[in-house]
Structure formats: C-alpha cells, structure tokens
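Look for chain A in each of the two complexes below; its partner is chain B in the first and chain C in the second.
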Partner chain A sequence: MQDIYLLVAGPLAWAAWAIFFLGSAYKIWSTLAVAKQKDQVLLNYVSFRYALRSIINWSIPFNTTNMRLHPVFTGVAFFFHIAFFVLLIFISAHQIMIEEGFGIGWVTLPDIVADILAFAVLGVCVFFAVRRVIRPEVNYVTDWTDYGLLALVTAPFLTGVLAYHQVGDYMTMVILHMLSAEILLVAIPFTRLSHMLLASLTRGYIGSEFGMVRHVNDW
Partner chain B sequence: MKERVWIQDEGIDRGAEKLTPERIEKTINAVLGNEAGARLKAYVETCAHCGLCAEACHFYMSRDKDPRFSPVGKVKQTIWEMLDKKGKVSVEFMKQAVQVAQTECNLCRRCVQYCPFGIDIAYMMSLVRRIAHKLEITPLYIQDTAHSHSATMNQMWVKDDEWIDALHWQEDEIREELPAARIPLDKEGAEIMYSVIGPEPKFRTQLIYQAAAIMNETGCDWTMPATPGWDNSDMAMYTGDSEMMGRLKRMHFDTAARLRVKKIVMGECGHAFRSVYDTGNRVLGWRMPPVPVIHALEFYWDLLNSGKLKVAKKFEEPVTFHDPCNVVRGRGLHEKAREVVRAFCTNLVEMYPNKEHNYCCAAGGGVINCGPPFKNARVEGNRIKAEQLRATGVKVCIAPCHNCHGGLEDIIHKYKLDIELKFLGEIIYDCMEKPNAV
Partner chain C sequence: MRHKLYGYVIFCSVVLCVTFGGIAAFAQDTGVFKLETFGSLERPVSTFDHDEHQEMDGMECSDCHHVYENGVKAADQSSEDQACAECHTLKSQGTQPGLRQAYHQQCKNCHVEKKAGPVACGECHIK
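Now for the complex of A and B:
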C-alpha cells in the first residue's frame, strides 16, 4: 500500500501535471496554429479590447441576459467553478504537500469551511447529473461521455470527502483521491473539459466580432 | 418524442436521387476537414452540452420547447453526427440535415448571445448548407433564386432593360408630386450609390419611389446603377454557394467603384446588408467593405441629425418596431432606428425582448426563400413572435427589412393579428417636409 501511495503521490503526480501542462499548451498552440493556417478571415477580426470586454461581461455572475433567465443554474455553475479552484488551492491538506515539496505556503481554509464547500460541490455534481436527466433540452444532447466527464470531475471530491471523514480505508481513499485527480488533470486537455482552455478563445473571438464589426453587445 | 414530419421538396428529393454514400462522405470531409478549421474544432470541443442556448431560439420556443428545435439540438442532428461518423452518413440523413439547417434555422445568431462560450451555431448551420450545396440537395425555391443570381446578377430574374424601365417609370410617377425630382442613372462621381434588392423593381416599386422622394427632398447627390450590380441581395450566401456570393459582391463593389461614389446606401433590407457589410467583403478578401456601406436606418438617422430631413407632421397611431437581426445583431442600429421612429411617430410601443435580443421574423437566413413547401412549418415555428406582436396591442408594426415583412405578414395572417406592416421609409415619406412638392 505504501508503495502504491508513493507511486501515486510521486511519479504519477509529476506525470499528470506534466501531461496537463504540456497537453494544455499543445491544445492552445494547435488551435491557434490551425486558425492561423485556415482561419485568417477570423484572426483578422480579433480585437483585444472587445475580446476582453466580452470575457469580463461573461465572468460577472447574473450580468448577461441568459444568466438572468436561469438564475439557479447560474448561481450553481458559478459556485461550482469558483469552489473547484478554491478547494484545489486553499485546502490545508494540499497546502501541507505543497509546503513539503516546494517550501512555500499561503493562507488555508478552515477545515470546517472546506468540508462544507466540498459537500456543496458534490451536491452540485448531483444537480448537474439530475439536470441532464430531467431537462429535455439537455437530455436530448446528452450522451454517455457527458456522464463520464461528470464522473471524472466528481471523483476527486467524493474520494476527498470520504478520506477526510475517514470512511473506508483511509490510505486506499487517499490513493483513490490522488489517482482520480490525476486522471482528471490528464483528461482536461484531451476532452470537452478543454473548455477550460478554449472558452476564452471562443468567447474572445465572438466578442471581437460583436464589438468591432457588429457594434453590439454579445451578452 | 413525437415522430418528426419531414417535408417533401423537389430540390432535395431529386438531388438526393443522385447521391451515393461515397460522394456524401467525400463532400462532408472536404468541407468539414478542409474548408472549416480551428473554429469548428474549438466549437465542437468546447460545447459542454449544457442546453443553455435552447431558449434563445424562436423555433424551440414556438414548438413547445421541442429539444430537436434548440440550437444545439440542430447541431446534434447535423454536424455532430457527420463528425462522429466521419462523413459516413446515409442519403436519408442528408435529406433531413439540409432541412434542419436550411429551413429550421434563420442564422439569426441570437443563440450566440446566449451561449456561455459564444459558440457560433449559425456558422455551423452554414457549413451544413455548404455541404448540401456541394451535394446539390438545396431546396428547390431558394436554389432557383441562386440560379437567378448567377444568370442575371439579381435575385428576381429582372432583365437589364426591365430594371432601367422600372426606374424610369418611378421617375415619371414621382414627377407628378415632385416635378424636379430625378432618379439619376449611372451618374459618375455622385456621393451616394443607392442599391436595392431584386424584389423592389419587381413588385415593391413604391419603395424606390419613396427612397427617391427622400433623396431628392433632402438634397442628396445620388445615383442608381444602370447596369447589373444594382442588386445588393444575396441568396447564394444562404445556400452555401460562396463562389457565387463572391461574384455578386464583387460586381456590386465594382459598380460602386466604376461610379466613383463615396458610399453605398442600401434600402431597408437585412440579409443584403449582412452580405455586403459582413460576409461578401470577407469572401473577396477585404477586411471591411472597400466602399463604406450605410444601411437605410443609419442613413435616415444621418439625414435627421444633419438637419436635412425635417418632420412635417407626426404619425399619430401607436406603432411597434421590429428589430431585424441583420442590422441589429449584425450592426447595432437599434438605437438609431428608434431615434428616427420617435422623431416621426408619437407613440412607440416596445415589444419584449427587443433591440439586440429581438426574436427573428423566422423568414430570414433564406428560410422564406425555401418557398411554399416549408411555409406552414416556418409560420408554426414563430408563434412566439405573434404573441410578442399581439401583446403590444398596436395596429401598426414598422419592420425595416424585406424578409421580415414577408415573415411577419405570414404570421399576422396565420395568427389573425390585426396589424399593418410598414417600412420606416414609408412613414418618413408620409410625414417629412417636402419643400418641392406641388
């Protein structure tokens, strides 16, 4: 068990981060390279100012028309994305590993807050799954990959919560937690989770078209 | 879900008879693989299948939220399947895909404003149309219009002498009211080239009359071309015939260059504006149009604000204003248009949602041009616009776009609305000061 832990916490973790960073860089680079080769008609219309205008307006909760049409989903979706990164960066258990590994540290969340956030994120994952089933317009465009991706995202939170509360064998749970997080990292550049990388590009492009050519808001 | 009813269209059916699986595969992969690039890839890989675009679409809203009519639902029925199967789709599939892309999407781009990632679904529907064009399964009526473009360089099979004749006729007519008025033909060095769409000389000649009255009474230095190139419309853009779109726009710009005008002013048409201002220039390699292109709405606003156009009397009856997608979501002219409407009308009643969040008329994007086979489906697909219009309680609707007129007329008829449609130019012509009138 100890050996597996060391493997998952050591070489596999390094590999996962490396694949994530290199894969992400490749994803963005290849998208831009193809755009440069085949979409000049598009690149010529990218305006930094209007791209930023669009990205900012879509980053403010309840700021766009569609966000106000779906207040519950908007609240839940914003919470999910923010909580995802807050937990990743500020949870004390992660912090200890970073400090041990790199000798740097920053403020951490009180455990009780982290715990509540993690449970809330799990609740959101259930919400996303239920929404996929019961909303006809979502269900119609859902296939197994959507549930698969959701499972990939849910797994680190579920195993994290179970490990923290010492449900089941602690060591097994910690290993599963790390492993699932590593799988998620590797999956981001190569699945539709790559919206994390590409959303600012698609948003920025259409924001430029709407701002510079069409002189109209895109939110 | 209820079984979908697919509509019989001679153009689609006859084209499909000549299709083979190999040809379909080759064509799909040529368009999606070679013509499309990073944009399509990013769109497909970014889409989270969240369904948040659904309520943006008037077809979806009007069809009791049937998910097959949501923007992403249309992508699923077309592009996703083509990509998943790497082009190995059946003839039957292609017949349905062309119906979805060509008759159930107006390319109004409202969903673009509702997608969190800003995915341009209209672009993907255009790609499907492009594939259908290359496979020769475009619906019959709009293909006939595209043929007219390629044979005559105008939309309505108007012959060269008929065009000049129509203008002379309107000049004769207008001189009864404004004796000094002219419709200057081919006047080199004029400031403005005024261009219209094919239907104006064909059956809406009163619009040329009204435009001529406005031009003459506001002292504009203007001209209309006497040669092909006078028509700014473009159904080839909507069938995916990019090559023909390029020829059309080139002739239009070349005509403006030959006449050495400073700008092109266009009549009240939406799709033509999209073609001249946004799409056609790109296909020809110009970042922005080589000659400034001014839509009628902006032109009226300019005339009003420079003091050339003066209000003689107000239009007293309450009016509502329909925002055409291509000049509102396509050019942001909604505020200028309202300033002009308010200057000439006492009471403007808004319909909601409006301005850049308007609902489309369901005629645009070449959908009305697909003709009678698809008329009922189109009108049923825009119940929401009828409800919007009814809620205003007014009896006059200003719609500054030809396609919108066609689409709204059908809706008004089907849903028994007691509403009269007007172009903005009609109201201006009625209410402006005409110092030279007898």
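Now for the complex of A and C:
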C-alpha cells in the first residue's frame, strides 16, 4: 500500500500537473489557431478594453441580467467555483504537503470549516445532477458525458471527505482521492472542463463584439 | 490511643508509598509527545511506541535524538535529555524545520526509506 501511495503522491502527481499545464497551453494555442484560420475578422475586432469589461462584469455575482433571471443557479454556481479553489488551496492537509515538499506555506482553513465547505460542495454536485434531469431545457442538451464529467468532479470531494473522516479503508480512500484528482487535472484541457481555460477567451470575444461593433453592454 | 494513631499514620504512609510507587512502576509510556507548543490541535494526536522503535535493528538513539550543528548532523552526539520543542520552534528557522514539520519528516522520511510504517496523514492521526 505504501508503494502505491508514494507512486500516486509522487511521480503520478508530477505527471498529472505536467499534462495539465502542457495540455492547457496546447488547448489555448489550438483554439486561437482555429480562430485565426477560420475567423480572421474576429481577431481584427478584439479589444482588450471591452474584453476585460465583459470579463469583470460577468465575474460579479448577480451583476448580469441573465444571472438575475436564475438567482438560485447563479448563487450555487458561484459558490461551487469559489469553494472548489478555496478547498484546493487552503485545506491544511494540502498545504502541509506543499510546505514539506517545497518549503512554502500560507494560511489554512480550520478543518471544521473545510469539512462544512466540502459537504456543501457535495450537495452542489447532487444539485447539478438533479438539475440536468428535471430542467427540460438542460436535460435536452445533456448526454452521458455530462454526468461522467460531473462524477469526475465529484470524486475527489467524495473520497476526500471519506478519507478525512476515515470511513472505509483509509489508505484505499486517500489513494483514490489523489488518483481521482489527478484524473480530473488531466481531463481539464481535453474535455468541456476546459471552460476553466477558455471562458475568459469566450467572454472576451463576446465583450469585444458587443462593445466595439454593436456598441452595447453584453451583461 | 496514641499507639493507635501511630499505627494509623504508618498504615497510611505504607498505602501512599505503595500507591505512588505502583503508579511510577507500572506507568506506561503513553507515547504522546509534548504538544503545548501547538496550542489547539486540528487533528487527533499521533501515538508513538518508543520501545518498539528502540528495539528495531540498526536503530540508534541519535537517529531521532539528533544534534545539528550549523545545519549538519553531528556524528557522535545525541540529545535524549532535550525535548524536540527546545530547538524546533513552531515556525521553521532557516534550515531547521518547525516542530510539526520536524515530527512529520522524522517519522515519514525513515518510513519511506525503510519501506515500512505509516506515511499518509490518517495512518498516524487516527480518529
């Protein structure tokens, strides 16, 4: 078990981060290359100012008309994305591993706060799944890959909570936790999770078009 | 009456001696480190069997009870009479790891090297 743990915590983690960063660079580069090849006109009208204006306005909760039309989903979605990164960066167990590996440390969340956030994130994952089933307009554009990706995102949180509370075999759970997080990391550039990389490009394009060409706000 | 009082005092003294002597004689090493430095704890305290480690082949006292001079481990010195926290402060100082990191490294590095013993958080900090 120790060998598997050290493999997952060491070489596999390095591999996952390397694939994530290289894959992300490739994804962004290839997306821009396609835009340049197919839609040079678009690139002529890209405006840094209007792009940034759109990105900022869409980053503020309940700031856009569309968000105010769907307040529950907006609140839940903002919470999910913030909690995802807060947990990733500020959980004490993660920070301790980074500090002992690289000698750098920062503030951490008390375990009880992290625990509550993690349970809330699991609840949100269930909410996302139920929403895909019961909302007709969402159900219509949903196929099995959406549930697959949602399961992939849920897995590190589920195994993390179970490992923290030491439910089931601890070593199996902590290995599954790291492994599922590594699979998630690798999947980001190559699946629709790439919205993490491309959302600002999409927003920037729409912001540019609305600002530079149509002269209206896009929020 | 006075005789009885002497007898009572002697009896009590014997009982007290046997009790406290017994506690000292049978007291187990609880294997819990001195943790005042940390203040309130986030995780359950890790237990450590000193005797079990002491009896392992090739284990020297100075493997854990080490002395570092200018960042280099002194070959012939050991520090059994000192608490870890006497040198290892809460925060790291230069190359000297902070107390928590010192405990973690001391245990984990050896367990990894020997391919035996716990390495993951919950293997030591058992709920």
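Everything below uses one rule, namely that the second predicted complex is superposed on the first by the 219 of 219 C-alpha atoms of A that agree within 3 Å, B and C clash if a C-alpha of one lies under 4 Å from a C-alpha of the other, contacts with A are read in each partner's own complex, and residues count from 1 in each chain.
Heads up, the rule we're going with is that a residue touches a chain if its C-beta (ideal position, glycine included) is under 8 Å from a C-beta of that chain, and two chains touch if they have at least 3 such contacts.
Predicted model, so just to flag it, every value in this text is computed and none were measured.
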Joint occupancy of chain A by chain B and chain C, clash or fit: fit
Touching partner for A:Glu100 - first (chain B), second (chain C), both, neither: second
Contacts of A:Val213 with chain B and chain C, given as first, second, both or neither: first
Chain B versus chain C as contact partner of A:Ser92, first or second or both or neither: second
Chain C, chain A and chain B - angle at the middle CA centre, rounded to the nearest 10 degrees: 170
Partner chain in contact with A:Leu201 - chain B first, chain C second, else both or neither: first
Touching partner for A:Val72 - first (chain B), second (chain C), both, neither: neither
Partner chain(s) touched by A:Asp146 [first = chain B, second = chain C, both, neither]: first
Contacts of A:Ala163 with chain B and chain C, given as first, second, both or neither: second
Which partner, chain B or chain C, touches more chain A residues: B
Touched partner set for A:Gln2, first chain B, second chain C, both or neither: second
Touching partner for A:Met171 - first (chain B), second (chain C), both, neither: second
Lowest inter-chain C-alpha distance for chain C and chain B in the superposed arrangement, angstrom: 36
Residues of chain A touching chain C in the complex: 2-3, 5-6, 92-93, 96, 99-100, 103, 110-111, 163-166, 170-171, 174
Touch list for chain C against partner chain A, complex: 42-43, 92, 100-101, 104-105, 111-112, 115-116, 119-123, 126-127
Partner chain A, residues of chain B touching it in the complex: 36-39, 41-43, 45-52, 54-56, 60, 65, 67-68, 70, 72-73, 76, 112-114, 116-120, 278, 282, 287-288, 328-332, 353, 356-357
In the complex with chain B, residue positions of chain A that touch it: 31-35, 37-39, 41-42, 44-45, 54, 58, 64-66, 69-70, 73, 135-143, 146, 192, 194-195, 198-199, 201-203, 205-207, 210, 213-219
